[in-house]
Amino acid sequence: MDEVYISEISWPVFEEKIAAGAPVFLPVGATEQHGPHLPLGVDVFLPAAVAANLARRLGGLVAPPIPYGYKSQARSGGGQQFPGTTSLSAHTLTLVVKDVIHDLGLHGARRFVIVNGHCENAWPLVEGLDLAMTELRRDGISGTKAMRLEYWDFIRPETLERLFPDGYPGIELEHASLLETSLMLLVRPDLVSPELMPDDGPAEFPPYDVTPVPKGLVPASGVLAVAQGATKESGQLLMDDYVTLISEAIAKEFDL
Amino acid sequence: MDEVYISEISWPVFEEKIAAGAPVFLPVGATEQHGPHLPLGVDVFLPAAVAANLARRLGGLVAPPIPYGYKSQARSGGGQQFPGTTSLSAHTLTLVVKDVIHDLGLHGARRFVIVNGHCENAWPLVEGLDLAMTELRRDGISGTKAMRLEYWDFIRPETLERLFPDGYPGIELEHASLLETSLMLLVRPDLVSPELMPDDGPAEFPPYDVTPVPKGLVPASGVLAVAQGATKESGQLLMDDYVTLISEAIAKEFDL
Amino acid sequence: MDEVYISEISWPVFEEKIAAGAPVFLPVGATEQHGPHLPLGVDVFLPAAVAANLARRLGGLVAPPIPYGYKSQARSGGGQQFPGTTSLSAHTLTLVVKDVIHDLGLHGARRFVIVNGHCENAWPLVEGLDLAMTELRRDGISGTKAMRLEYWDFIRPETLERLFPDGYPGIELEHASLLETSLMLLVRPDLVSPELMPDDGPAEFPPYDVTPVPKGLVPASGVLAVAQGATKESGQLLMDDYVTLISEAIAKEFDL
Amino acid sequence: MDEVYISEISWPVFEEKIAAGAPVFLPVGATEQHGPHLPLGVDVFLPAAVAANLARRLGGLVAPPIPYGYKSQARSGGGQQFPGTTSLSAHTLTLVVKDVIHDLGLHGARRFVIVNGHCENAWPLVEGLDLAMTELRRDGISGTKAMRLEYWDFIRPETLERLFPDGYPGIELEHASLLETSLMLLVRPDLVSPELMPDDGPAEFPPYDVTPVPKGLVPASGVLAVAQGATKESGQLLMDDYVTLISEAIAKEFDL
Amino acid sequence: MDEVYISEISWPVFEEKIAAGAPVFLPVGATEQHGPHLPLGVDVFLPAAVAANLARRLGGLVAPPIPYGYKSQARSGGGQQFPGTTSLSAHTLTLVVKDVIHDLGLHGARRFVIVNGHCENAWPLVEGLDLAMTELRRDGISGTKAMRLEYWDFIRPETLERLFPDGYPGIELEHASLLETSLMLLVRPDLVSPELMPDDGPAEFPPYDVTPVPKGLVPASGVLAVAQGATKESGQLLMDDYVTLISEAIAKEFDL
Amino acid sequence: MDEVYISEISWPVFEEKIAAGAPVFLPVGATEQHGPHLPLGVDVFLPAAVAANLARRLGGLVAPPIPYGYKSQARSGGGQQFPGTTSLSAHTLTLVVKDVIHDLGLHGARRFVIVNGHCENAWPLVEGLDLAMTELRRDGISGTKAMRLEYWDFIRPETLERLFPDGYPGIELEHASLLETSLMLLVRPDLVSPELMPDDGPAEFPPYDVTPVPKGLVPASGVLAVAQGATKESGQLLMDDYVTLISEAIAKEFDL
């Protein structure tokens, strides 16, 4: 027990750490298809792992990860039609984030880092955070500051070059592909089935959404790009980048 | 990996199990003070453990536990004023349950068991489930059946007699007390600090709520009764009762 | 006219009484089946009568009772499937309570007693009251205190012994049964049809909810225990207990 | 007991009457200042009395009146600033009406008459009814028809001439004035204090709203026109008109 | 460019004008049938034109008109069943108004004039404005004042006599009729098709709503009274009245 | 009048066009700062112009543009702190889109194209559209198909090369910069003040959000990149690309 998870510490320990200024990390994920070789919880496991590493390094706390995210979209996650993809409406997710941040603020937390692990969550998180901050102000609480980020945006160019020697195709199609598979080989290798990696990608998406999702638009496997080539070592490189670069950003914003 | 957690299986495995009629268990917990000797996540760890045991026995699946519950009340959990107790409003929790059950229903799940681990969740769960069932009917989906239960209601009288030779004081004050501490010694002993068990209980509550919570009403430790005497063996007895009796109830209701 | 009902006094009288510190009682009921021998409004008539008696004794005011409650549940009220049972969703009832308490607070009321007459209302009342108190604080209003109670929890052991010489089976099944029938014989005897008391109870419920409500689970009459033996005298004993014990509690909490 | 009030009949009686096609009347009122000579419940007492008379004549049922209405406005009711005026937000009232009509529809009611007793309620009632009808359609229920009316719109010209020999100033200012006072002398004379009728009216309102309500805009008494001259006989004339004309309208719309 | 439309000025110009105390006009309209001779946007074009004229005269700003209004009703606009009538629910429109007024208040606007162009909008505007004022108070902003009006209520008796020499039938049926047609001939003559004026009016409505709208209740054309006789000159007379009388009211309320 | 704007056509014309299968375009914008040289309505003017051009080419209709968008964010629009930026909460915007699409669907529209002009709107549009499609299905309406797009994503590489000979910095910072300024010079040149173009950009943003927006993060002018070099000719090139490429996409999706 390293005392970074709020769920694993007692209330007196929580009180002490918050009084000492501990930043609180809130990982937000999803229950979403990630191809036949990865489990439905990838978008929770990864931001939770990133957040825990950050909290260990920075003396922070990790709030219980929100395990359900906003509805999967065809172009970023394959879409809701994949079995098992279980999501919240935008309003619901917004309210969850609002309530959690608000309550933590009432308990004295003043520094928040929302670590998003599911692309589609971005805007409900923005809104939930904004509403929480407004409510805290109306409750007479000031001095609160929050960061909100997608962990995958913190990667050094040299890492991308090493992982994608033929050129990085961009984050858009990286769903259940090389990056996430590598990270899962690092974080939860017991849940990866490399032998089941499909080869029906990469997807080719038009620059717009269509509703309902047209048949054939999304690769049948749910993998949007290519997972082949993923390694635990690449996962470690990525995790090192995330932790290093996000730590630097947090230290700068929170004067740590 | 025993393939009971939805977060740990891939979508094709989910699809296969649902097609085979697997009941889906949804544990719902809380992030709530449980005294100085237990962590804030007790109400998640315990129903998740019960649900996993049930799923293993019955061939079911466990949806990701909802880690935030309805606001803690003085007489059942000490109240929101304890540091770290981080909760959802009733409407938010209701919407979360509605969305999750609804999406699972759209994916073919027809048998649900909501396993509640936090007393205050009961009514938002009732309402969320009712709304989900209504929406599924409006979506043209029939044949859905759901059970909703508090796991602690499934205990044999002889177990209570053995654990409380001087008489069972009732479930009302068992917050962070002998039952939960015993179960945590079984499920997550690494998170129990027996040396920190307080002795400022049991609480004596009047038969009504007062808002705001009066000072002195709740024992300062947050433990409402008495934790002393908790053992892992007692936890095993309790878990055996829960799994046996709930399994029987499920088998009866779902004709398993 | 004894000037306890807000609906029966003019605004200057209201203003005067509130300025004098009158506690405001808010009875909350339901429109719910109560067997063939009792009317659908039992859960309104009874808490309204209790509240009026309390207000008379304590110099308080009774706000108009909320006549629709949260959805009836099989194990406590028979369930929504009984004709005439007309209910609000949890969110709606919560908002009603929030709006009413909030407006009364804006008009200067500082002491509230919510008198619940329908088991299923408990949690929406908790939430509505909590939201109202938060809003009042945000409006700059302090010094507000509220009690929330189920009237049937205020009964002396000797009364139970007298009414149930063979042992009290517990409040859970007392829907439309001996206690409520006795009270109705006291409060609205014109609405009781003793000759229609059924004898298909008591119900035997499992310790969990099932949705939809299984056929045969609830006695066809809607009476969950046994109404036979109810008398006006028993109703008077109960009412005396309620008024005496709740008055004492209020006096203690509000320093009356 | 004349068996028109749903709160006063048992569920089997309700079932029988609904099966026979009984129209259901839903009176909706307010808790609102009505000057120093009238009680705060005028807007509930009057539509409830009208509805009961209609139900008796037409074999209908009266649902429990909704005792809280939409926020009082300066030009029609004096405004929220008067002590005791206790209101619901528009959304709350809308949801209440939606839930009540919806549940009654699920129980087989197909003919509804919403009898409004508080001017400001009109649009939340329109919306609540519309939402209920949409939900009932989505639940597969057809054949539902509803009327929505303000009772005071059903008055014969000759009655107005008799009551206002100097010319009818219009319904706009009739708050707590001659019409409502006369009706209260008929319906609840015990709650009228003729000796307290003020003489600070009639109000002179501009053709627009101002927020917040300017000081001096509304007569200090809360009576917007003139109550003097009210009699029980005038009240009876009015009630006769309402019941006769509304009955005719209902008979026409529902083919009774 | 005359710098009255917020959409047409830059943020520094907005800032300057608001700092100088410019009142902000918010026109609110609808997308609603107006017969075969008028376009669906009448209820937006007209209040926007009135507001722009007022802003020019008074040094005010016009916020972007809200182009969708509350659901059309049979007796005032023909009803939702007419093709093209595209509306918001009451709650949605309320939230839009709340958000817009609230944001403008956060930017320093203190004087608001909501100019309604669609009868059915009245109450959602009342509520949205009330909620915005409450939120602004909770945000610590004081000194805000707002007017809310229907532009057609500002007309001199002599104008009505001139336009309706045979007597003014009242505003109730003036939907898509002489007044609106005259105004459109002034404001957007390119969108008027006088040759398509129908002659199936005027409607004869009972004093109550019926849901669903009975067949034959509303004239098939959607014109509720009579459009014949509309002229641009009449439109100018009306516009002059509106601008003159509303300007006087604003000057009085805002001490301009 | 070219009969593409729904606000400018009568209901019979609307009915005819919808019956003929006309796709309906819904432009969604914002009222947001766009530097000192552009007006606050840029995000409405541009998608409305694109939509009108598309509708003319494809025989479609343009619904009234939604003039208020989701809250401006620092990294994409400068943030809410700029005077005049007037926004909706995510839930409000979602409901507006849901209501509008739903009503149009009830009137027979089956092909929708939501044309977004404000980056921050993307997810509320996704959600509003999803909710509308669900409601239409529950209303028994099938065969509906919708596209949702940001117009700026439809640009040929050669156009970018021509406009940015030194390399395209990416869409992220193009707020109030070369692209939008060029388009405004084409669409509403009367509202562009080239002499006021600032030179305090481009912004340098970190890859995360910070709340509240730190001082100095956003260029004081509100222009995130560089507007210099914008020309009407470039605006025409862009518009041509948008209309050509989006038309092709629509034709493909809707089999036109």
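Order as written gives the chain letters A, B, C, D, E and F; numbering starts at 1 within each chain.
Definition applied: contacts are C-beta pairs under 8 Å (C-beta built on N, C-alpha and C of every residue); 3 or more make two chains touch, one makes a residue touch a chain.
What you see is a predicted model, and the numbers here were worked out from it, not measured in a lab.
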Tell me, which chains sit next to both chain E and chain F?
-> A, D
What's the overlap between the neighbours of chain B and those of chain C?
-> A, D
Would you kindly give the rotation angle relating chain B to chain D, two copies of one sequence, based on a CA superposition and rounded to a multiple of 5 degrees?
-> 120
Compare the contact pairs of E-F with each of A-C, A-B or B-C and report the one sharing over half of them by residue number.
-> A-B
Measuring from the mean C-alpha position of chain C to the mean C-alpha position of chain E, what distance in angstrom results?
-> 47
Using CA atom averages as chain centres, what separation in Å is found between chain A and chain D?
-> 54
How many angstrom between the C-alpha centroids of chain F and chain A?
-> 28
Touching two or more other chains - residue numbers and ranges from chain B | 89, 91, 138
What kind of graph do the touching chains make: line, ring, star, complete, other?
-> other
So the complete set of touching chain pairs is A-B, A-C, A-E, A-F, B-C, B-D, B-F, C-D, C-E, D-E, D-F, E-F
Could you please specify the touching residues of chain B with respect to chain F in the complex?
-> 138-139
Enumerate the contact residues on chain F facing chain E in the complex.
-> 1, 5-12, 14-15, 18, 31, 33-41, 44-45, 63-68, 80, 82-89, 91-92, 95-96, 98-100, 103-104, 106-108, 190-191, 193, 196, 222
Chain A-facing residues of chain F, complex = 70-71, 73, 89-91, 94, 120, 122-124, 126-127, 129-131, 133, 145-150, 153-154, 206-212, 214, 249, 253
Complex contact set, residues of chain E against chain C | 134, 137-138
